[in-house]
Amino acid sequence: MSEAASPWLLLAQLCQMTIVMALAPLLTGLVRKVKARLQRRVGPPLVQPYLDLRRLMLKEVVLAENASWLFRIMPYLILSITWVAAALVPTFATGLMFSWSGDLIVIAGLLGAARFAQALAGLDVGTSFGGIGSSREVMFASLAEPAIIMIILCVALIAGSTQLSTIADHMANGEVGLRVSLALALVGLIIVALAENARIPVDNPATHLELTMVHEAMVLEYSGRHLAMIDLAAFLKLLLYVSLIGCIFFPFGIAQSGSGPEFYLLGLLIYLMKLGVCGVLLGVLEMSIAKMRVFRVPNFLGGAFMLGLLGVLLLYVSRGM
Amino acid sequence: MIEPSAYCVAALLALAALSVSMARFGLVRALIYAASGLVCLALLGIGIASLGAGVSQMRLPLGLPWIGVNFRLDSLAAAFLVLIGLGGAGANLYAIGYGRHEPDPGRIVPFIPAFLASMTLVVLADDAFTFLFAWELMSLSSWALVMAHHREEGNARAAFVYLIMAVFSGLTLLLALGMLAGPSGGFTFAAIRAAHVPPATVAMVFVLATIGAGSKAGLVPLHVWLPLAHPAAPSHASALMSGVMTKVAIYGFIRIVFDLTGPPTWWSAAIILLLGGITAVMGVLHALMERDLKRLLAYSTVENIGIIFIGIGLAMAFQSNGFMAGAVLALTAALFHALNHTVFKSLLFFGAGAVLHGTGTRDMGRLGGLINRMKWTQFAMLAGCVAISALPPLNGFVSEWMTFQAILLRPEMPQWGLKIMIPVDGALLALTATLAAACFVRMHGITFLGRARGEAARTAHETDACSIAAMLIFAALCVLLGLLPGFVIDGLAPVTVSLLGGHMPTQLGDRWLSLVPVSASRSSYNGLLVFLFITASTLIVVFLVHRFASSAKRRSAAWDCGFPDPRPETQYTAESFEQPIRRVFGSLVFQTREVVDMPSPGDMRPARITRFAHDLVWEGLYLPLAAYVGSTADRMNVLQFLTIRRYLGFVFVALVLLLLGLALWQ
Amino acid sequence: MHGIDFDIAHMLAGLLVLMSFLMLYQVRLLPLLNVLAAHAFVLSLSVSWQAYIQHAPHLFITAGIALVFKAIIVPMVLRRMVVRMGIHREIETVVSIGLTMLAGLGLVALSLEVMLPLTAGAEPVVREDIALALSVVLIGLLMMVTRRNAVSQVVGFMSLENGINLAATGARGMPLVVEISVAFSVLIAFIVIGIFLFRIRERFDTVDVGVMDEFRGGRQ
Amino acid sequence: MNILSDLLPGWFDPLLGILIIPLAAAVILAMVPNYRISAALNVAAAFGSLGCAVTLLFERPPPHAFLLVDDFNIVFILLNTFVGFTTSAFSASYIAHELEIGRLTAWHLRFYHAMFQLMLFGMNLALVANNIGLMWVAVELATLTTVLMVGIYRTHEALEAAWKYFILGSVGIALALFGTILVYLAARPVIGEGMDAMVWTTLVDHARGLDPSLLNVAFVFLLLGYGTKVGLAPLHAWLPDAHAEGPTPISAVLSGLLLNVALYALLRFKILIAANASAIAPGPLLIGLGLLSLIFAGFMLYRRRDIKRMFAYSSIEHMGIIVFAFGMAGPLGNLAGLLQMTMHSLTKSAIFFTVGHVAQVKGTQRMADMGGLTTTHPLLGWLLVAGVAAIAGLPPFGVFTSEFLIVTTTFAREPILAVLFILGLLLAFGALLLRLTDVAFGEVKGPVGPVHASYLPVIAHLSLVLVAGIWLPPPLVVWFQHVAALLG
């Protein structure tokens, strides 16, 4: 990691952090907008998430009587951990300064830590809704994680690394070509992303119907700035998955480490485009399918796992071993 | 370095002997605990010091005269000496305080040092006799500890099952080592290493060692004693049993499979991988369904043993295919996880003990909201839960991350068995990790968070200073090991060198102290940096929030979607929390069934939901065995009541048969 | 030594075996006791014959013991006992007489078979002698096993012991024979006394079975 | 050594000592009315013969037509006299209590003490006999005396037990005698008529020339005859009752000594057979009976309710183990057998001592009426626990060493047998552990009165076993190895 220390990379790292933080609400706004349009509604403006955050920030916090200190610090932790995770994913450039402080598994782990914190927070007040949310969340996670590992395995087999920068570089220089396994892995990752971000068909971010909600139930007791932070963390997570998909499966345009600033600008533009496309696609997807019952989700996620495993086995075959 | 450790053993035994008579006096008890804690610290130091320093041996004119009692302190032994020292020191510190609450200390105090001494002996032993002697002694002394609360319901049974399983494992290892020693009785490990054993023997020894060490470590399906014995023993004893003794069992396995017999075969690796995966998942699923704190922890021990065995299995697989870099990584991961497990499992058992002492119950269904009354315990336990759930940046994550790296390093092996087994183990490992996270969210959330579910929790009180100190120290260790894993990995290098002839790239060389399994371009993890990163961003967030957001806050009733209910019964219980996962996995693994009894409107009786679960291993394997023995005993018992004429008949028949045999033989 | 001596010895030994069969054949107690007396008498004959041909006067003591103690005293005592206990009726044998006889034949065959491969190193006579003694012993044991009645079991034991005496006296120059026969007589006396003391009417077993039922629980 | 022999007066012959002292003591004790004196005298006499045995260790008389002391039987003699001594010490306190509660009268005690010494005499004679006939007589004597002692309580069960013992024992004796005669017959052609043909030393010297087929038949009879006394299944029937119903010191002596004496006789003949190449190999027979007894006893242990009867079955189990070990033979096997035998004698008698105290405290032998012993009588309770741990072959006690040797040497040669053996051990261990937990732990049951007796004998035995488990004196082992070599 000798060259990692150069100020350029540090700068790039910092701007990536600010960029993800800045863009996350926008992406959610975009998705909402698209959905609204497809529903023949005008819908809120793109910047609505920012406004919501601001409103929440300025509101006072209402705490339940028996809410403990855990309940109050968790939002900060959730937000910062998610932020770090998001910062580890190459968005517009690889080989950023801290990118080697963690690989894909670390990112998964960080998200797990955030989830752990959130689930605990959900249990803290001691209401039935918090319990519902937490227990369902961990159940989804327990199914999503093996799928992620399978996908990572698949990718690592191809790229020979779990280091995102390396993977991105490897994928970018094109000798990989199109592979069935990769396609399967992509589908799997999308499924996982939907589940992890509490999107339709697994969960409905816009509902407050006790039987259907998972993520919302968990954060039901939060208000004011705490809620704002948790929402922001959710936005970040969505962005993270989108950029993850981007940098693994569509790494074109990502600036290689050590390349000049102009490449970085180019990468940034291309990254913005990727976000836009993904946002639109996500909106369309969410419009075109319905939410499924909680106990159908396991099959859904199990599907993702199967896809990953299939991808790995196909790789064995394709390598003629 | 061998003499000092021998002195430590002697000191521990002396303490045990002393405490037999002195255990009545509280002060002496505390002193004895303190003394054995210090000895354990010495052991810890010796272990660390002799990790790098080569092999030192020692022979005492005891035991069988023609072989004597041989001790040998090589790097592997040193590594496990560190575990014993660490766990022992912590347990003793904890016991200084916790021991005061014990009703009948005379049944506990003497056996703690004896237990520690015997475990040390197992690790130091260099001949089959000494090894098994110490092994059985370990079982016996820990049995006494399990028997300490002999009047409580079910403890006698627990102790019975435990000792039977322990003796079973001892006898199995006896067979294994007897096989290796050969008819001439070359019992010293040196002789065994020197002897050239045929592959068939190696295979047999492997199977026996797996059964023997596995049943002591808690490998499914030989794990049944853990959830019985650990709750029965006093908490510091269960911490030792679960945190240290199971590791000693793993030491035995490694010693036999990697050191005493030749390089493993791929199928043995596949078997270990399979068992490890099953053990990990079964253990954590059991833990998820438990509501007794200590039983839960016992099952989670089973899970972690499974993870360690996955690492060992990977090492065997790679070694059998001559892929040493992978083998080294996997074995290091396994050893590292063993260390981590010692740390956080001891911590968690301490915490469970504190809860038990503070509330008088281990039943999560009657706890809740302890965060307000047992602040320190809760804080330490939180660290433990995060660590055991393998979440960054704590230590549990590091070892599991390394295991993942080993899996990802080269999942494809020439043999199809491994080709399938390794990725599947990867998935099982991931499943285990997340289920463990779920399990400990549940455990921590139900026990410490929410509202008190019963009088026990409402009137809970914080435990004593020594216990808290022990817990906090171990919590700090969880963090340290997570942030600076390089030290541990470099420390383990001599072990892998001696067993596999190679070691991982030196970690401390990297000036960012980041953890690099093979090469930086392949994968790397820097716990310290991630931690700093998180703190930095947290600080930024805090700053921003407090700069721009309103700091107003108000306390009021919980919102709860508009129907707040003051009664704590309305909270999510442990059962309701586990329900979704039970629905998904339980129906298969435990054949769980839920029976809902919903009274018709106007009917006043409460609605109730009952859950039925089966422990298939117990009901499918152990109960039939017991039933068979019982019925045979019943049938044979008739022989007690025959008439003299019948007994004479036996003599007559025996005589005639022998004569017939003779006639035919001639 | 002349063959005739041995022939007589064999004749007597064979007679003893015959007596044993006669015992097996008996179903009533009193006749059984008569046969026992005869058995002992034949033994004493054979012992004294051995004493004569071996020029071992001390064997005459054994013969005397056999004659006086086993052929006269014990049967008389037993007879009185039987009469007093009032059990001179049918003996309930475990297996039918016929089968017992068959088993006895089988035992004789077995003992011959076992003794057959005796090397010629030993004098030829030993083979037959031992074979016969062995069959007497085995038949005695068979008697003990197949009869439920205490008295008949004593009889069985005594015939067993006669067989041993036969073997012992048949073995030339065997020391301690007298002592052994004395010791055995003591043993038998003990048994007889025991039966008498403990009022073991029906069988040895009554000491058990009756007790069994009440003590079955505690006595495990 | 020499110093010792110089110290001793010329007329002093230790060999005669171990025979005459008990005999004389028996006669005297039969006449002493006061039980305190007689008990003390009993102890003194036992100690005297122990002393003689110890001196035998150092100066050994040459083999004699009737008596013999060699490396082999000195082991047994020492063990015999030692356990005899400790048992007499134990019985002194035990019997006193029996007298108090009126289970025995003063007259009984006279009888008892006389018989005790007579029994020791019989055993010692059997051990030192250099003549198979003499040995037979001695064994019968020992048996008869024990029969009388078993029946001493005159209760219905006691008499029944004695009777059972007596009948089965007599048949066993008869069979053994027949075997002895056969041996003589086999020896006569080679050695010549008369006493010589029954003398050990001569027999063993000429073993090669003896007629094999006669020896075979002889061995069958001896195996069953003496095997009955050893208590091997299926010849064991007398053993549990005799142990359960007799006075506890006698149970201790039965398990600790009488079984050994019978075993000794068996081994003597094993040597003889083994020395003759063309005779059957005794090994398989012994192994078979041993395994049978082990597993049989293992199952029988589960349904026991009477504590003494349970440990009697455990004796059967251990006799099985020992015979198995001697059957496996080989240097390690025989060594293990000897070690196991020694350890078993010490441990089992110690257990019976503790059991005796327990039974006296609780006033019953039903384990269902005992409980929580470690709570009410800590020392007694933990001694019992230690004893059971020792007998179960757990370290740090000596039985572990011998079982370690047996299993290892067996598994290297006959894996299947070793596995069966281990299953048997596990089976028996499970049963013992179950009962132990009921008796020593859990809720307190039955009376909790104090024990008026010294634990010294128990502690002495257990500490010996403990030492042996940790440290076997090299000379002892060398000597055992020599004996093992004798056993072939």
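In this document, chain identifiers A, B, C and D correspond to the written order of the chains, with residue numbering beginning at 1 in each.
Basically, contacts are C-beta pairs under 8 Å (C-beta built on N, C-alpha and C of every residue); 3 or more make two chains touch, one makes a residue touch a chain.
This is a predicted model, so every value here is computed, not measured.
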Chain D and chain B - chains in contact with each: C
Farthest chain relative to chain C (centres taken as mean CA coordinates): A
Chain centroid nearest the full-protein CA centroid: B
By count of C-beta pairs in contact, the leading pair of chains: A-B
Rounded Å distance between chain B and chain C, as computed from the means of their C-alpha atoms: 69
Separation of chain A from chain B, taking each centre as the mean of its C-alpha atoms, in whole Å: 35
For chain C paired with chain D, centre-to-centre distance based on mean C-alpha positions, whole Å: 31
Interchain centroid distance [CA atoms averaged], chain A/chain C, Å: 99
Residues within chain D bordering two or more other chains: 163-164, 167, 171, 213, 217, 303
Residues of chain C engaged with two or more neighbouring chains: 114, 117, 141, 144, 204, 208, 219-220
Junction residues of chain B, two or more chains touched: 637, 640, 644, 648, 651, 655, 659, 662, 666
Contact graph of the chains (line, ring, star, complete, other): other
Set of all touching chain pairs, with the criterion as stated earlier: A-B, B-C, B-D, C-D
Chain D partner contacts - residues on chain C that touch it in the complex: 114-115, 117-119, 121-123, 126, 130, 133-134, 137, 141, 144, 157, 160-161, 163-164, 167-168, 171-176, 179-180, 183-184, 187, 190-191, 194, 198, 200, 204, 207-208, 211, 215, 217-220
Partner chain D, residues of chain B touching it in the complex: 61-66, 106-107, 128-129, 132-134, 136-137, 139-140, 147, 150-151, 156, 159-160, 163-164, 167-168, 171-172, 174-175, 177-179, 181-183, 185, 187, 204, 629-630, 632-634, 636-637, 639-640, 642, 644, 647-648, 650-651, 653-655, 658-659, 662, 665-666
Residues of chain A touching chain B in the complex: 1, 17, 57-70, 76-77, 79-81, 83-84, 87, 98, 100-103, 105-106, 109-110, 112-113, 115-116, 119-120, 122-132, 134-136, 138-139, 141-146, 148-150, 152-153, 156-157, 160-163, 166, 208, 210, 220-221, 223-225, 228-229, 294-295, 298, 305, 309, 312, 316, 319, 321
Chain C-facing residues of chain D, complex: 133-134, 136-137, 140, 144, 156-157, 159-160, 163-164, 166-167, 170-171, 173-174, 177-178, 181-182, 184-186, 188-189, 193-195, 197-198, 211-214, 217, 244, 303-306, 309, 366
Of all residues in chain C, those that touch chain B in their complex: 94, 107, 110-111, 113-114, 116-117, 138, 141-142, 144-145, 147-148, 153, 203-205, 208-209, 212, 216, 219-220
